[in-house]
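Which chain is which? They are A, B, C and D, in the order written, and residues in each are numbered from 1.
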């Protein structure tokens, strides 16, 4: 069975480094051939992000909500996620990301705001019903020359966490309707 | 294989309702016979919680760190977890809960502080390396007369989240050393 | 000397109740005739909020940054401020609200997310250099029929805080350049 | 009229660098002769911090609550304030620091956790009713050799904020009972 994976990129500028980091993280985390990947670059949708209703935006929201795994990536603006990313998430009803495994990613100039993904974006995704398998991932631009190693280490940590969660899952009572 | 489960109760008063809620959550979440449970009521250890070093405290810290699942339960004090619970967690080195699946639980008088477990205790546990399979669980004391149903619903949500995480785990590249 | 006061309303729908609450708070807090008030309803600017550069948006940003007092008001979306409000704040450089006294206001359906203005919007405004004279103000829609009393009480609390801050100010060493 | 100032130090080890930073901040912020200063080093009170009731602790709590200015200083443990400091604050009833101007101070090894005082300790103090005149103050240990300059800059920023708050105070309607 193929996993459906999306990355949602909240940089108002398209084709950002933040996007590349998110794509690389998926590539390092999952075994090739086990998933299909859709990248949603919100920079391409700023003209409709506040339109209501919007068929285009609803379709994007739906595809993320139906994902097995979604990576939400944002540059750090004012210590936290961008307004653009938040505007996309605001379109969901309560609990709109229920059942989605989500990884929050922030990029920033240095480590001053490295608490951001764990302390601000992660609670927001969880509030929407998503499950985050560990820390938020923060990449300082000073780490760009060792990007592969840093992303490798993060992917390995998520994979380890997921393996341990699967052990607990095996002992869990079946949820109603599962 | 038997899971090792602990509940850590951060109420300065022993044998609290908060403790009962944590125990019930474990009971509802896991299949009987698949786990052993240890309850650590921090109210019994206030005399040594700031002692350094302390063999007794180190042994408690170690047993929680070796858990497959740990429930951290606290009454809501000043909108967040108690100082007693934080003092216990402060004894860990960085990443001291790595590999532990953790569920944050707050109890409170009403819903005014219901953001607490998701927005304050959960990031703290994640900072320590734990993985939280969903929302923090908040119980208002006005819900005590429907305790079984409320805890059932939460357990069912965690079980569903864990089942979906296990699907992602199956597609993850094996972590180094796994 | 006349104070310059702005309210920034982050509801994607114009002329919202959130706007009315913000305006009433200013009216209750300040003595008539001591200030001029400008209301910026971000719903009127969604088409340019992500445009860069934008003379219109820059002018709005500048007027808020030059305010003595600014009220930032948002409905609660996903437990916190809207993406629209964040997108407006994202346009500032670091420390872009330095010297502004700011009051965060959230409105919400009930008290479930009442921690929002104090725990999420307030730190964001402070990160930008603003100073918040007390708690964030949260209004549940169930309080709409006692709006005047609730806003009166909040205004009175801010006024008291400001009076006490003025006492500390009198004992403070003059800042460089003051 | 003399201001009553306290510093509350949340390091479980006494006479810490964190304590020195807090004392220096007061010295730089206020004009000599305008205040009396009391330092409460919580390391001296770990044996009674969870005792209930405790005359000694109640007296300490009361003196802080009666302060015009209180500096709450903590080393960074797990990205945030210590359990010891929280345990002291937990002894207050709701709104127990109403009317106190409070400055949150964290010290840490590097800048990784520099969001801590603004995003975690500050909201906690505000929840208790205190007013924080600006950002939380974070000092990385790598800055110890330029301590005077760094604290000078912070004190100057607080003084500037306080001066501007006093301007708004002058235009505020008198609070009931003021």
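Heads up, the rule we're going with is that a residue touches a chain if its C-beta (ideal position, glycine included) is under 8 Å from a C-beta of that chain, and two chains touch if they have at least 3 such contacts.
Note that this is a predicted model, so its numbers are computed, not measured.
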Pair joined by the larger number of C-beta contacts - A-C, C-D = C-D
What chain is the most remote from subunit C, judged by the mean position of CA atoms in each chain?
-> B
Just give me the whole-number Å value for how far the CA centre of subunit A lies from that of subunit C.
-> 30
Rounded to the nearest Å, the gap between Cα centres of subunit A and subunit D is 36
State, to the nearest whole Å, the distance from the C-alpha centre of subunit C to the C-alpha centre of subunit D.
-> 25
Spell out, as numbers or ranges, the residues of subunit A touching 2 or more other chains.
-> 79, 119-120, 123, 127
Considering the complex alone, what residue numbers of subunit C touch subunit B?
-> 79, 110-116, 119-120
Could you pull out which subunit D residues touch subunit C in their complex?
-> 3, 28-31, 34-35, 68-69, 99, 101, 118-119, 122-123, 126-127, 129, 131-136, 155-178
Which residues, counting only subunit D, touch subunit B once they are in their complex?
-> 12, 46-47, 49-50, 52, 77-90, 92, 120, 123-124, 127-128
